[in-house]
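The same chain A turns up in both complexes below, where it pairs with chain B and then with chain C.
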Partner chain A sequence: MRADITLLLEGTYPFVSGGVSSWVHQIIRAFPEWRFHLVFLGSRREDYGPMRYELPSNVAGLETHYLFEPEAPPPLEVLEPSPQVMAEVEALHTSFLAGVPPAQAMARMASMYPTLLQGDHLTREHFLRSRAAWETICSRYKRFCTDPSFVDYFWTVRIMHAPLWKLAAIARNLPASRVYHTISTGYAGFLGALAKAHHRRPLILSEHGIYTKERKIDLLQAQWIKDNRNVFQRDPTEVSYYRSLWIRFFEWLGRACYEAAQPIIALYEANRQRQIQDGANPARTRLIPNGVNLARFAPLRAQRSTRVPPVLCLIGRVVPIKDVKTFIRAMRRVVNVLPEAEGWIAGPEDEDPGYAQECRNLVASLGLTEKVRFLGFQKVDELLPKIGLTVLSSISEALPLVILEGYAAGVPTLATDVGSCRQLVEGLTPEDRALGPSGAIVGIADPTALADAALALLTDEARWQAASRAAIARVETYYADQMMFDAYRKVYSEAMERG
Partner chain B sequence: MAGIGFELRKLLARNTLGGVLQAYAYAGMIGSGPWVLSIIGILLVGVLASGIVVPPSLVTQFQTTVTYLIAFSLILTGGLQLAFTRYVSDRLFEQRDELVLPNLHGVLGLTLAGAAALSTLALATLFEGVSFAYRVLVVMAFTELAGVWVLAVLLSGLKRYKAIVLLFAVAYSLVVGLAYALAPFGLEGLLAAFALGQLVLLGGMWWTVARAYPSPRSVSYHCLRRRTFYPSLLVTGTLYNLAVWADKFLFWAWPETSEPVIGPLRGSLIYDLPVFLAYLSIVPGMAVFLVRIETDFAEYYDKFFTAVREGASLEYIQDMRDEMVYAVRQGLGEIAKIQFIAVLATFVAGPSLLALLGISGLYLPLLQIQVVGASLQVMLLAILNVLFYLDRRRIVVALTAIFLLANTLFTVLTLKLGAPFYGYGFAIALLTTVALGLILLDRKLDRLEYETFMFQ
Partner chain C sequence: MQTKLLAYATVLEGSAWGGVILASSDSAGFVAFSLLHAAAALVASLALTTLLAPGSRRARLSLLPLAFALLFALPLIGIPLILLWLLGVRRLRARHRAATFAEVSVPPFDIHLTTRPRFRFTGAGGMLANARVPVDTRVGALLALSQVPGRIATPLLRRVLACSNEDVRLLAYGLLDAQEKRLNAAIHEALSRYAVGGAERLAAAERLTELYWELVYHGLAVGDVRRHALESCLAYAEEVLAVRPHAEMKLYKARALHALGQLEQAAALYRELDELPPSRVLPYLAELAYDQGDYATARQLIGRLDRLATVPRLAAVVRYWSAA
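Showing the complex of A and B:
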């Protein structure tokens, strides 16, 4: 069935809950007049549980694809691809090498889309079985690979390329849609580029985090990527060959998406700059921050007691990226000065049980068992009236909804200087800044600064009230969901008209 | 014959002329020992009995009967031998040694029962005018032989080469000795000696396996399950043995080259003796084949696949492939050289050899071409062995099928063409198969890394 908007979702909605998924749910429900088609891309089927959201009635269809699910092997002997196609492949790969202008590489890449999409000139069978593919792999290994292990090179190349044919097939079979909208770069973003090339409809990109950057962090930490260089071959300043291969791969996928998408939407200014740095055309970039439902949170303000509760609350999953330990260490200092203070940690602990246990141990060893409480998953509506500050000790964030929800309920925030947090606390434009600080910003992994900033707000009634007022004004002026919906309505309408 | 390489390499590693000689002698002994011993044993029985057994045609009847027994038992069990050896070596690789004995019992039970049933049926319906004792002894001997082949190939799979040669030596000495003692009972006496010798051989081999691989279970048919059984090996083994005997059968069946010997069994006076003698000429070729393939080739084969698995560079993988190819080329070349010498020796010394053995010089041309044919058969064995190593079972099936077809076709042709062409059918069939085998092997080796990686 024909859809108005096809959403390309990699590893999120509707099977994984979290910030991006809630946002998608929010967007679909905001436009009941349009029909949505959902394309979920996952790694393997068993990595996902049941659906976490009830699909709104304007979702016309949901298709799920698993990029790393094993497929039936092709026959052993296959027809060889034509020499022209192999020459194109070779030229494309060569244009990815350092020193070639990205625009030229992008032009080559885009010129390959029809070959890939046609589905008979350059097939998965060709890639997996043909003598020509083998020879290309061998010659590139000999010319460029700095890691001695050929078998690892071989499998890296195979695993890296295998999803491309799945994506091409998905793109070919997508139902007709007026607009394609991808919520990340990466595989979904590349699918968007292919869908645009095949169906000749506009592609919109909304990035919450920066996919390529997050992938880079993952890849630099990944244990599964081999480094076979021995002590003498290894230069510690040089990233292992396979890591850099993967990083480059995602960088180019990202570029392909930036090249095809218009507009390229970021949540906040720092990310927009990052997109430009990664290859996005500045003229096509836009800022549309997340928004919260004021009608839902405004009534909570009335539920607050007149006195500021000395409660610091970290709302989020108990995982290392949230740096819960810094929050716990800060609590020791807060409690030393303000004995009635409490620290709450509201979020599921099942994602990284080892880390959660370490946090509990830390609480015990700092003698805070009476003061720091692990609440598990909580409804924010019930939580917000009871707390004095939302706290984010994270080492990485995008545009945290928790801060905005707290603002809407009149709760100031205490956050590390990551993502858009400074913008949310201090304001972005001069008018925004004029509203005053709606909390405080501290450096990452600095429990002393965190504690001191918390004490300053909680022990100074006037200061807290000023921050609370600034928070409410800021969220109502810049981060109301209605503003976000209006912005997206405009984006969608323009794209549909542009055709 | 996997695994013999270790002992050979030890001998070769001394790097002395003595060591090399010992290695080749050892390889010759274990490669050819069993059938050399059988051939010599049967010939000796004939020589010893010739004065005692009357009439002398009974000796011919004995030798013909034994030849048929060997031919049919090999054809019957040839497929099972390969399939079962593969099963055993796969299990040993998995270190599940306890599966060996019960599955041997399962396979042996089926083989013995099948052989007994088939031979009883044949003896009851086709053999008119022979004694009851003859029938019973033939059924016994046939059943035992079938078991002997299964065990012999299992023991070589288990690398107990010395035990095999030793047991064959003991068993055939016993056959010769008993034959001398029982010769007064005529044909039945000789057959009884043969059957008793085989019984000792069978028992000895079983005991060797049972002692080395004890198991709590007594019988299992695990090896016949679809996951562990390779039908292509069954086909290969059967086709190969049929092919090897095809020309002999045709010579026995062709009226002009054969005469009735006993019951439905016919023999070919002009063909059989040269064939027997020719097979003795391939001992050096077999020795070279074992030394070359099981040392250099096997070593680089291991290095190649270890390099693939454990992440060596492509250059190293290709080097190992090149070394493998070189070892194969070297091995085949050396077999060709040494067999060429054997052929030359037959041409030069053949006449006097035949004279010495009291055999008519008319046999000479046939002997010469048979030596060429048998030499080519060693080449074919070497090629098939390398293909087995590379696990290219489909090619092996194709090659053995072609061998069977060519041997049948060309032998019939030479029989029609007349006496001057006898023996050429076998040789040309082998030449064709070997040539084709070389081309296919060459292609496989050329595509080795490509197929190893891209066919995953």
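Showing the complex of A and C:
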């Protein structure tokens, strides 16, 4: 069935709850006049639970694809791609090497899309089983790989490339749509580039975090990536070959998406600059901040008690990027000074059960079992009237909806200096700053500073009230959802006209 | 100058050839020709060397015998060859003179590069703190820090958490978190064994003493969490000592008391540790005296340490406090 907008979603809506998923849900519901088709890309089926959202009635279809699902091996047969195609593949990979202008590499990449999309000249089986591919892998190992293990090189290259054929097949079979909209770069972004090439329809990119940056940090710390160099071969300041290979892979996927997308939307200026730094054409970039439904949250203000509850609440998924442990450590100090204080952690724990268990262990080892409560997934409407502060101890954020929701309910925030949190707390423009601070900002991974800032707000009624007033004024002036919807209506309409 | 010398050379060479043509080909004529030709070659060589830039004395000295040999060995074509060469050199010099020099500005003065790195054997501290150092280089320095003992790496990594570059900041966070995670997992495991009770309980308490101290020692616990870790370390050490007193556990207890600021009790415990070698106890006693402001005692205690028996980092302390 034909859709107006096809959303390309990697690891988020509707199977994973969180800020990005809430945003997607908001967007779909904001435009009942358009029909949405959803494409969910995941790692393996077992990594995801049931759907976390009830799909709005204007969702025409949902398809799920798992890129790293084990597959039955196909029958062995001799398959050889044409020498011309292999020469093109070789030239493409050579153009990814350092020193070649990115524009040249992008042109080569785009010229390979038809070969990939046609699915007969260069198939996954050609890549995985042909002698020509084997020889190419061997030759590139000898020329470029600085790690002594060929086995690791062979499997890294295969695992890295294999999802590309799956993405090509998904792109080929996508239902007709007036516009494609990807919510990240990465695999979903590359799928967007392929979909645009195949169906000749416009591609829009909205990035909440910066996918390439997040993958880079993950990869730099990943334990599963091998480094087989011995102590004499290894330079401790050098990123190992396989690590840098993976990082470059995601950088090029990101570039492919930036090359195909128009507009390229960021939530705030620092992220827009980062997109440009990673290859986005500045003329195509644009800012559209998040917004919240004021009518839904404003009535919650009346439900608050007159006294500020000494409750700090971290609303979010219990995952490492939220640095829940720093919040727990800060609670040790808060409770030492203000024994009646409590720390609540309201968010699902199933995305990273290992990390959630570590957080629970930390609570026990710090003797905070009576003071820090894990509430699981909660309805924010019920939670916000009962808390004194929303807390974000995250090490990375974009423009957190949870801060804006708290503001709309009159709850100030305490956040780390990441993403646009400083802009949300202290204001962006001079007029915005004149509203006053709607909470406090501290450095990342600094439990003492987090605790002291929380205590300063919770123990000073006048200060808390001033922050609450600033929060309400800020969200009403700059972050109403209607502003965001108007901006997206324009983006979609322009893209549909262009297409 | 060159013109004059070349004129002399031409005259001499002309005389030599005139002699060959006019005089008979006897041996005296040949000797006269050779002498005049050699003189001409020498003068012409001198003329050539003056074409080189002033100040290049070594180059002139090297060129002189070469030019002389060429001119002497190639009497007929030597002069035209040299003249052609001369012409080329003059044209090159003219072009070189016409070329404009680009202005090279003074590099900006970077105060961070002049500050002495705190971590002297890698200089990583200065590099990580310097926003002018390229991100990739700083990422490399961070990766190198992952190979460095936690006690040294932690303060450096903690400073990087305030870095304006998110990549650097997040990587530093990840490295710190990995260290903390390892210790917290061990603490959790020991706490589970402790909760089981029985024979395991004492061994688990001993392990917990060590692990909570590790958190403090590596700088992974700060603020109230540090205090909690120290109090836990102390409590578990006391539990072990009540059942099975031994010097190692006493040392943990003394260090925990010391770090908690209970200096008198710590000093009393340090003095009880006779069975441990002096090099393990004296530095803490000296540090404690220093914390109490008793510098004379600190000097005296450090003086009792054998310089050769101490680790390099402590050797520097011994050297400083032993100086007159």
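Here is the rule we go by: the second predicted complex is superposed on the first by the 455 of 499 C-alpha atoms of A that agree within 3 Å, B and C clash if a C-alpha of one lies under 4 Å from a C-alpha of the other, contacts with A are read in each partner's own complex, and residues count from 1 in each chain.
By our rule, a residue touches a chain if its C-beta (ideal position, glycine included) is under 8 Å from a C-beta of that chain, and two chains touch if they have at least 3 such contacts.
These figures come from a predicted structure and were not determined experimentally.
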item: Which superposed partner A:P447 touches (first chain B, second chain C, both, neither); value: second
item: Which superposed partner A:I159 touches (first chain B, second chain C, both, neither); value: neither
item: First, second, both or neither for A:R332, with chain B first and chain C second; value: second
item: Chain B versus chain C, judged by how many residues of chain A each one touches; value: C
item: Contacts of A:L220 with chain B and chain C, given as first, second, both or neither; value: second
item: Touching partner for A:V239 - first (chain B), second (chain C), both, neither; value: second
item: Partner chain(s) touched by A:V100 [first = chain B, second = chain C, both, neither]; value: neither
item: Partner chain(s) touched by A:A176 [first = chain B, second = chain C, both, neither]; value: neither
item: Common interface positions of chain A, toward chain B and toward chain C; value: none
item: Contact set on chain A toward chain B in their complex; value: 76, 128-131, 133-134, 138, 141-142, 148-152, 154, 226, 228
item: Sites on chain A touched by chain C in the complex; value: 213, 216-217, 220-221, 236-239, 320, 323, 325, 329, 332-333, 336, 358, 361-362, 364-367, 395-396, 418, 443-448, 451
item: Complex contact set, residues of chain B against chain A; value: 308-315, 317, 450, 453-455
item: For the chain C and chain A complex, residues of the former touching the latter; value: 137, 139-141, 143-144, 146-147, 158, 161-162, 166-167, 169-171, 173-178, 180-181, 184-185, 187-188, 191, 222-225, 228, 232
